[in-house]
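Before we start, here is the structure in question, set down as structure tokens.
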């Protein structure tokens, strides 16, 4: 998963510090690397990129001193392409029509075919990311303006892409016709912002204007906003349900819905569907907390923060050596013994992927003296990999793909295990089922019939 | 505030990685610097120290490769002495009887007098910390063994000190006679641990044996534990109440009490003492969360996580430039608009120090459309500075010292403001009033009559 | 100016440390940056590059641990393209036929036209160097093998290029048809080396086999050596005379001539042509030392090292601040007062470029009490810029372009000034005049009639 | 060996950049570490220190921005004490009378006894250097002014010390009563400089006023110069002969003698004493070059620079791996084959220490085809270790201690080997024999009868 952010000041104020702050608010969408790009006064593309969390990869003070009035940024969690520095986004290039830089959230399904096509026409790729095909598609249309070349390139792509693109004197935002990933537009004074999630607009003090439509290309320049469309007509929409379940921050709005309230509703529905006889409810921090509160509210059980998360972890904690790991070191989560001993607990989490975390937590709670442990999952079983931008393991590694609920309950050692249904999930989100992607639960990927432009550059 | 940690393996296993993990769990007690010390196979004292958070200041992989079977560590938030690298603890020295290193939590009240005394006898101080007087007191007793010199040095000190001391073949833990700061002893297999808080014992998989008594000196060597006493008789005890209110982690036990449950009880008592008519209760993350849950439980109001904390902040976020700050950037906390608009909120926090944070949060909630805001504080007003190891501002800067409750309520812009009483606080802690330090609330500092040894080395 | 080095071990021994050492011996050819490239076991091109001297830009220990049996390296002093990190060589790319990396010494005269041609066919250039056109010329011939594509690309280039190229399982060396820059082949046991100068072969303990012919393409693989030719017939040759005068190390052989002995002969001829009445001869360290010894030998005057060079300078010494500079700080060279006071000196240098150094040295020697200063230059006046790989200033900045000898002598403040003639220079080198490039002295650049292939990819 | 430098501006100009430049000129005296110290406006001692060459250890730009009008500096090659960062000089401390920092060249013979004495009176040593005893001797005289304490401390020391000391508002230079190491005083405008060698005064544009007398303490303050004496009367003087033979730079003056001219005279005397029948003379760069010129002048043989030194080495070149080393890699020196093949060579070097370098060079020259090799050494055989500041190996490792000339000649493989006599050496230096230390040649160390003050602080 990744996050993109962009800012454009019509009156020429510097915006790179705000892009930094925006990326900071989107940190949960990618902790592997971060980068920013802008076009300088001499029409040269400039990038600053680094490995790790935003505050390690980039230098806020350095950015605040750069006079760029239009810029884009990216936080990355590698999905397509490896994790080397050449793959850190934004990707940038000077081609014959000028400078261009792209930040991309999602996964382009037909990237490898497009790449082969372009390489056979002389293209030299610098990275192994799917995103780079967009740059070369543009460069192979040297007779068109940059914007025309961009629009024509996007119609040749299949799959998920929410983009922030820096061109000379323009910032462009675009969202694939199927609407897989969110993308929001905000404004404060003379500055327009684009952001993967609305929570980053809040952080920079901007007001959210609206979300981009699927298939929309939004061009921002000193004249204001210009909305174009990718000329591809999708049969249906595929907004990712997992954004609501886990990925997005609770203080974001997606498709007009409050992620916090969707999550609480998931907990309430889970309590109705799968009640349990525990003494209290607790959530796996931080992913299960809000659904746990909904579960407690609906079930009438007491809600306790019985598992404490180390405030300073994040991705800063490397794995201890084997010797120390075997001692049972608990790096991120610590249960509070007094709240667990002798209790029957309902433990709510958002999902079970490999099953390892759940198994370890159940074991830990048993060691702390829990009498019963009832796992409650606020989404359906994850049985299929995602090809649209979330870094899921292969089918073989997915716990719910290899075991049914009963077997999995035994595997993780809980007294009971219950999931939410897909219907409950879609209803809690509040969109028609034909607009939500539930492929990781159901295996119903984007249909082959979906059209996109053939390659005939 | 600071944290100390130590480990001693009787069978010679390496312990530095566990000290690293211990410091990691104590990170909330000091984010300015971190360090470790041990005595190597050639009887030389060795230290590794750095600025910033534990994972930046120290290198876990490097530490795990060092064969030290006894070691100490320290996380620091500067109280006495400046923040330069020479002040980063553990402080270490080779004196004529051998190597010694000290990690110290607390504040030695008579340090400046002792320092002057020693300098007039030839001592050269390398740091500006109060802690260094212990090293020189030891060095000025060259005729005694290191342990005798240490005991004799501690009897000459007044104030707060919980210590971890590395000597040749021994680890020593000590706690001042008044018991200001906590210090716990744990064990796993053949390894003994000492830690400012029990939560760090949990993280390394150790079991807490007991807490050190005030005035106890605990010597750990290959023969096991040896308990000595500092020969000073205090009139009363002074366990810091603020550890329960704010400082300690909720999953720690102090004086046998669960910090989590004390905090929840503070919330319940606050609800009884100062009810309010809101629609829901929320807590300032993370300091007010648990008390807010207690408040909700007792009052029957719904509990909501209406303010989201950025998971990746901590001390990693530098201040934005003036220009950006004025735009209203919110770095750490983001309210969820849908939970606030039109609501009457009870907002629980642990304390009000300067008042700035409360004022900004009230303003922010009003901007998000809150109809009423009732501030509820789960401790008495902080009116006096702490001289025992917490970095409080001067009296002039303390909001509750310059304004009464009514004026302060107006100043921060809330609809109502209520504090807990000192009696409620002490009762919730569950210790006799004569064993708890409430100096920052009451101004009742440690009495002059308290004895300690005169300087006559 | 730049230097290239390559190594290929037929029996699979690691060679990167030897490439490092080779670059180290070629350090005088470029101090701005250094880099190495090789193709790893998974057929991926790998590079390590850095700014500054070889030992700062690269890590010898790291390189010695990498199992690459074929590799190339480069030291750079920027001539074409700026000095940013993207311009540091070797340049590398994965194109559709596989990985390729290039290290280049020289300057391709028709690079900008070729670049424009390629960009109009979709190419995205990553650097601003002339060298990158070779990569894109290859990529635009996807139907040919890498080696065929390389040969066909080189025939389209005009100007100076001595190349080391890494292909899968092959190391390729190539020299332009005009033979501007040197390139030598060496061998030790099973390892073949290519190097800009023979001195680097000495350092790695290799024996020089021969120099590459102008226009030769030498392919090294596990079967041994394969010699091809660039199918371009030059009218004459253009071996750079300045390599003998200044650039190459004295312990190198070029075109079969010892650079040391050529330089000494230049000094002897200078003494015959322009004798003087001084007490002793000294050379500007290090460029004028050997010619000064030849001058002393021929003239019978005593030779003294009257000017000492700081052993540790190089490019490590940044300019002092203006305040300190005005105090007359002498960073690199210090005259020995006792050898200068009251003496009449013949001072030999290899050339005068801007004139600044000479003027300062004359002034300094006067301050030290020299009675007379006779400047003797062991080459003709430099009146024209070089377009073939040496970083000379514009004509306006060349002292000998703006002033005749008499005026220049007055300008630098010497008692007399004398140059060598072009005829003496060419005779001392020992090659026919039609094989030596003296463009910087005479302005006779490579003729337009020289053919190279038209672009018709 | 080490080097010290100091600067004091009476009118308050910043001097740290000049101290940096001074250290740069003294780089040959120590390449292991470098540091500077000064006292800031708040009477605090400040130091900046680092490992490696001056330009790596210190940052010239940073230093030029610091407003210190009095400062000292040090370059170190460890002799006493290990090489850890705590041993990097200047050593600094704040003791009860204020701040003090010391830079020291030499070796204090009675340091370990003094240290034991002080530790038994409570001193905690921070380093393992002999120099630190001076700081503690001062601190144990708290009733005296800093200057009185310093003078009284120096009278208690035996052995070699040339010092630069920073006190509040004063710069102090001092030289031990026996005069082992040089120390010079210079001036430019309002700034006084002290420097281990006069060449560093040249570099900062200063004029050398005079050298300090043995036993002199020179105090520099805003009133000018004040000369005191260490109240110890030595029986004789011990100026190090090796400074002339090898250590000092040729452009320095020591005891009024030009090091360049002494070295050339050593070569001439060597030619008279030990002529040979070679075709030409060459010197080992850089240590034997000047003596080789003297040898050539006196013998009438041609002088050739037949061995080239890599201009960029120094201490920047780490040892290659064993595998590469065995290939015969030559990192620093490269002979010129054309000058050696078939020749009979006189090779002049300054000394033979372990014999390894000579043996390797002879072998290398034989490989290059030399017909005869006559080693000529411009000093007597080094048979004894130095205890006064030069880092010589133990007696067992000294080639001339274990073998006589004949055996050593065979060992290194030369056709002949000849040394200079001690008498010739002393006469070339031009001082009475009773003022020159030749202990490393003769074993005549400083006599026991030499007095110094007993310890009775």
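A few remarks follow.
For clarity, chains are labelled A, B, C and D in written order, and residue numbers in each chain start from 1.
As a working rule, a residue touches a chain if its C-beta (ideal position, glycine included) is under 8 Å from a C-beta of that chain, and two chains touch if they have at least 3 such contacts.
In this text the structure is predicted, and so the values were computed from the model without any measurement.
Across the assembly, the mean Cα position most removed from that of chain C is the one of B. Rounded to whole angstrom units, the spacing between the C-alpha centres of chain C and chain D is 37.
Centroids of chain A and chain D (each the mean of its C-alpha atoms) stand 63 Å apart.
Once the centre of each chain is set as its mean CA position, chain A and chain C turn out to be 52 Å apart.
Chain contacts: chain C has no residue touching two or more partner chains. With chains as nodes and touching pairs as edges, the resulting graph is a single ring in which every chain has exactly two contacts. Interfaces, counted as pairs of touching chains, are A-B, A-C, B-D, C-D. Considering their complex, residues 13, 17-18, 21, 24-25, 27-28, 31, 53-55, 60-61, 64, 188, 199, 202-205, 249-251, 258, 260-261, 286, 289-290, 293, 297, 302-305, 308, 310-312, 314, 316-318, 320-321, 323-324, 327-331, 334-339 of chain D touch chain C.
Those residues of chain D lying in contact with chain B across their complex are 93-96, 116, 118-126, 135-136, 139-140, 142.
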